[in-house]
Amino acid sequence: MEKKSFTCDYNEGAHPLILQRLLETNMIQEPGYGEDSFTASAKEKIRQAAGCPEAEVFFLVGGTQTNATVIDAMLRSNEGVIAASTGHIAVHEAGAVEFCGHKVITIPQQEGKISPEGLASYLKAFYADPTWPHMVAPGMVYTSWPTEYGTLYSRDELLRIRGICKDYGIKLFIDGARLGYGLMSDAADLDLPAMARLCDAFYIGGTKVGALCGEAVIFPDGNAPRNFFSTIKQHGALLAKGRLTGIQFDTLFTDGLYFKIARNAIERAMEMKALFERKGIPLFKDSPTNQQFPILTDEQMAAIEGKVLYETWEKLTDGRTVTRFATSWATTREDIALLETIL
Amino acid sequence: MEKKSFTCDYNEGAHPLILQRLLETNMIQEPGYGEDSFTASAKEKIRQAAGCPEAEVFFLVGGTQTNATVIDAMLRSNEGVIAASTGHIAVHEAGAVEFCGHKVITIPQQEGKISPEGLASYLKAFYADPTWPHMVAPGMVYTSWPTEYGTLYSRDELLRIRGICKDYGIKLFIDGARLGYGLMSDAADLDLPAMARLCDAFYIGGTKVGALCGEAVIFPDGNAPRNFFSTIKQHGALLAKGRLTGIQFDTLFTDGLYFKIARNAIERAMEMKALFERKGIPLFKDSPTNQQFPILTDEQMAAIEGKVLYETWEKLTDGRTVTRFATSWATTREDIALLETIL
Amino acid sequence: MEKKSFTCDYNEGAHPLILQRLLETNMIQEPGYGEDSFTASAKEKIRQAAGCPEAEVFFLVGGTQTNATVIDAMLRSNEGVIAASTGHIAVHEAGAVEFCGHKVITIPQQEGKISPEGLASYLKAFYADPTWPHMVAPGMVYTSWPTEYGTLYSRDELLRIRGICKDYGIKLFIDGARLGYGLMSDAADLDLPAMARLCDAFYIGGTKVGALCGEAVIFPDGNAPRNFFSTIKQHGALLAKGRLTGIQFDTLFTDGLYFKIARNAIERAMEMKALFERKGIPLFKDSPTNQQFPILTDEQMAAIEGKVLYETWEKLTDGRTVTRFATSWATTREDIALLETIL
Amino acid sequence: MEKKSFTCDYNEGAHPLILQRLLETNMIQEPGYGEDSFTASAKEKIRQAAGCPEAEVFFLVGGTQTNATVIDAMLRSNEGVIAASTGHIAVHEAGAVEFCGHKVITIPQQEGKISPEGLASYLKAFYADPTWPHMVAPGMVYTSWPTEYGTLYSRDELLRIRGICKDYGIKLFIDGARLGYGLMSDAADLDLPAMARLCDAFYIGGTKVGALCGEAVIFPDGNAPRNFFSTIKQHGALLAKGRLTGIQFDTLFTDGLYFKIARNAIERAMEMKALFERKGIPLFKDSPTNQQFPILTDEQMAAIEGKVLYETWEKLTDGRTVTRFATSWATTREDIALLETIL
């Protein structure tokens, strides 16, 4: 692949420090299934970084897997999960949540986010309908942070969503597949400990933030569902060589590496955003994180054909195309400079 | 962990050539989800090694996940899967197959294997019972090769099992989590192409044979279930960075590395087996592969306490303990020599 | 309950001829599980009435159960089912389809119906999206006939939907919980044999058309999924005393009783519709079947409070309320006359 | 069917008083889904008969359905249910429990019963195995009373099983598909209130004890799983015409009808048992309830061929056949006298 790719944030392997650490530790014998010392160390570092010493931390392999496993474990058998109509679990996970027996209940979104008002309104209407026991009662709200459109809920929005969840006795789960890119955005008004305080479960994405694979699920108050380890196994989400995720997260949470490399992506993304603006290319969403959504004409797309890779997102009625350009931990200033010469 | 461990074949990281290749390719940009060139190359090498150019090959992450995904995809919704009562899916997968809605139908085993006669007898009795439509009809036979006791079906046994499966219109699926250790055993009377010819699906285990993770599922005749890629995603088994398994299997199937390192484990295991015999330690099963099951007395166990690690398997009625000592691609002659000084 | 109820079409017990037949046959000994002679006779009468001598017919107990059982049996494990956003399976079945692991994919509706154009457009867009393997591929279209709004697809609409289904290799399943009320509507341009020819499976609703319970599932070409009997059992949908549904459907399909009593409901509904029109009460949908949806003001609702029962359907933004008044096999001219005095 | 049938206890329709009551109430309008007055009355009568005023009572349609619905609702997603290897859910329910995602964990039985010792031994061994988190943890014990062999647990046995369940934090659920026949056996040392006190949930079978269909699930302490109504709907187990089960159970629990007709079956069964003994026909199990298991030679079977119907159960190695002859609420003294002339 000769062309520079901005298609996603998982185009490269892993951050070099991770590979180096895998190499250094390679012949050390350790037990399997997450009983290794690297995993223990990584968990402890995450508990400290998230300011929740009581937290239970588990490492899974990928995002869809993590969503399905956590959602299934936290819901009762007859409950569904509320998500934005653009939510990843509602669209791009091949029905993984439904496969576990749970309906994904979609409600309207703005900029990829559900609003506290929209959520409250849905819940009020649901229980006002006398036929609700014939419908799927929600047991959880799922949000992604950043969202599929790169946008961020503010701390206040999340607190209000949490409050509504508590009023109705339902859980709040946050998909942090790109958590680092959210936390390091200038638009974020919360940090990792704040995130841990305002939800029932969330995860710190590794796959899209410099790891080969791996997502770190956190139950901040030690509130993991009973025998969650068995649930992980049951869902096929348990690595025999747990060291693989242990070493990666241990590295990412040593000397703040996770945050530093996420910050790199944000800085490059903001440079890219400014570049699009300078070139007069409108943006579909005002994203403060590593995914940008420039709207290109057919002519513009033809002009860059073969020089740079990106994703096409959707076709507008006026014939223009919403595209996605993503930066990552691996994106360099040179990459952005190159993009400038191409556009 | 200071003590030498023989507890399993996944105590170390990956074969050094795999790490080296991960390092070399790390900054090459490639698409996700298995669309990368490494994966394409690995698939082609596996098709050649297995002598089945028409095969469809998929890379999943771990064994339990692979079993549940393949079994669910190949069974009809109302069917179950036959396994030995000691079969991995029946015992140690936390109900992953049942989670997908399918009963694991256990039949008796000898040395970890079902017999063609036992299978035929079960099937004949099942359909002779007029109430069978009230029971779970089998749609597949699951066997592991090597089995959980390290034993191997002969080619003839598998052919007879396949014949019975065909007579009843059911599939044969072979769990090859330790396939390399079977193929390189002196007791094996079949090779990879032969394996590919006698089943409907099987997998080449990577996790236990030198990879950090990964299992290569093969549908030898291009007979993958429709939209199997979506099924992989639905089961949370799709890696975003498919390159991780692609690079590993590409390395393992370059210059026969998979077979060489598996052969190392077999040679060390045979040395270990001879060592137990020299020491007068009886073996629970006559295993020709990398897992050995010495029966130890409490005194013997006390004597080696703190010097070597192994797994305890089961307690015999006479008070002695069946243990498991496993070799792997990483076990050296020195390790065996060390074990000799300890026993 | 003193007040006259028009809340639904299952307010009474069963048509008297059914009870009489249950009484007459009560002490005749018959085998269980649908092996009885009444069931055999009922199946044969249905095959004749539907003009499909090759059909396989099964009796289940209720509508939600039938939908979930048939849909699960006809879909592959990784497929979803397309329904109107107002479809019963999408709204009022407590997630029964998702419980079986399948996503209900909703598409827009008009008057409770999906349009052939809307379906074609959805399918075209789905497969045009290169990320479709990450989404749930549809394996079936579900429609209800009549719909939840009492409306009817024309024969031409269904033929076009069927054609689109065939183009994409997916099934067409018709929920006929109120089939009789559709067939006997003056607006229907198809009869039972025509229905049988234009779908892969459908059912003749008993519960809402004069039976105590029971739905007759028809696979017109003998195309029932393999071991469908076992699937019925697996879904908890098999009656031990299969005679209960057998006798009921045998009675309903003797001398055209099913059609006669359904016609009564239609005639009463049309009288009721005319009555609403005479009274200047607007109708929310122009329903040609037994469910009518008058829009009432708060004053109108207060005026009839305590005199008649009906269902409230939804609140309009102008404060008025969409209500539902249903007739049935049991509704008499006197009931309509009484309603006239109340309104 | 001219021949007298003893094949099962659901060969006839319903007890005549039930049909009479269905007839009397037929045209009374009532709401659906169990909101009718008959259902309310039936629930109250059952609460009184079971001496548990706090109980929550639900009516479902059939046994397999009831087992799957209750078990799924009471288990966590990752838990399994312990049953005797001969338990109905383990053998004859077409995998309905597994379909809901839960493993049926079978343990050895004697006379169709698990023993307190066997249960304790299984549980102790399970948690003693350090690999237990890789296996399916039990969340419930399922027993049938009477069992599939007509045998009865004593009150003491059930109390000890309950104690063990409590020690391990798991539930006890009793399948009472034939509960009446157990309660009215001379061998029973517990009554309905006693049953209600010693388990977490049980059901009173209607289908096999005089009803057309219907099972009454009781959560004695008002301990129904949250939104259990929705779970019933989700499982397709909710009758639109809830009056059908309401009226039947209301009749069965008026003037002790349920117990009287169950007692009839027991008296006839004991006459039948004495008859077999007089004829020198050995019994496979010493059943004190309505199912008897005479062992017949081929000659004996040939002699009665065409004169009486019964079920064949299993073939013994000596060539003789275990058969089942069942009495019911409908069996008369004349039936037994007739049998005497045939044998």
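Before moving on, here are some points about what is shown:
Should a chain be cited, it is by its letter among A, B, C and D, assigned in written order, with residues numbered from 1 in that chain.
Keep in mind that, in the parts below, contacts are C-beta pairs under 8 Å (C-beta built on N, C-alpha and C of every residue); 3 or more make two chains touch, one makes a residue touch a chain.
The structure displayed is predicted, hence computed values, not measured ones.
With A-D and A-B as the two chain pairs, more C-beta contacts join A-B.
Over half of the residue numbers found at the chain B and chain D interface occur in both copies, marking it as a same-residue contact. Between chain A and chain D the centroid-to-centroid distance comes to 49 Å (mean Cα coordinates, whole Å). With centres taken as mean Cα positions, chain D sits 42 Å from chain B.
Distance between chain A and chain B, defined via averaged C-alpha coordinates, is recorded as 33 Å. Annotation for chain A: residues 77-78, 93-95, 99-101, 133-136, 230-231, 233-234 touch two or more other chains.
Looking at the complex, you find that chain B touches chain A at residues 1, 4-5, 7-8, 10-14, 16, 19, 22-23, 25-32, 37, 61-66, 68-69, 93-96, 99-100, 207-208, 212-213, 230-231, 233-241, 243-244, 330.
Residues of chain A touching chain D in their complex: 33, 72-73, 75-79, 100-101, 133-137, 225-227, 229-231, 233-234.
Across the interface of their complex, chain D is touched by residues 77-78, 80, 91-95, 98-104, 131, 133-136 of chain B.
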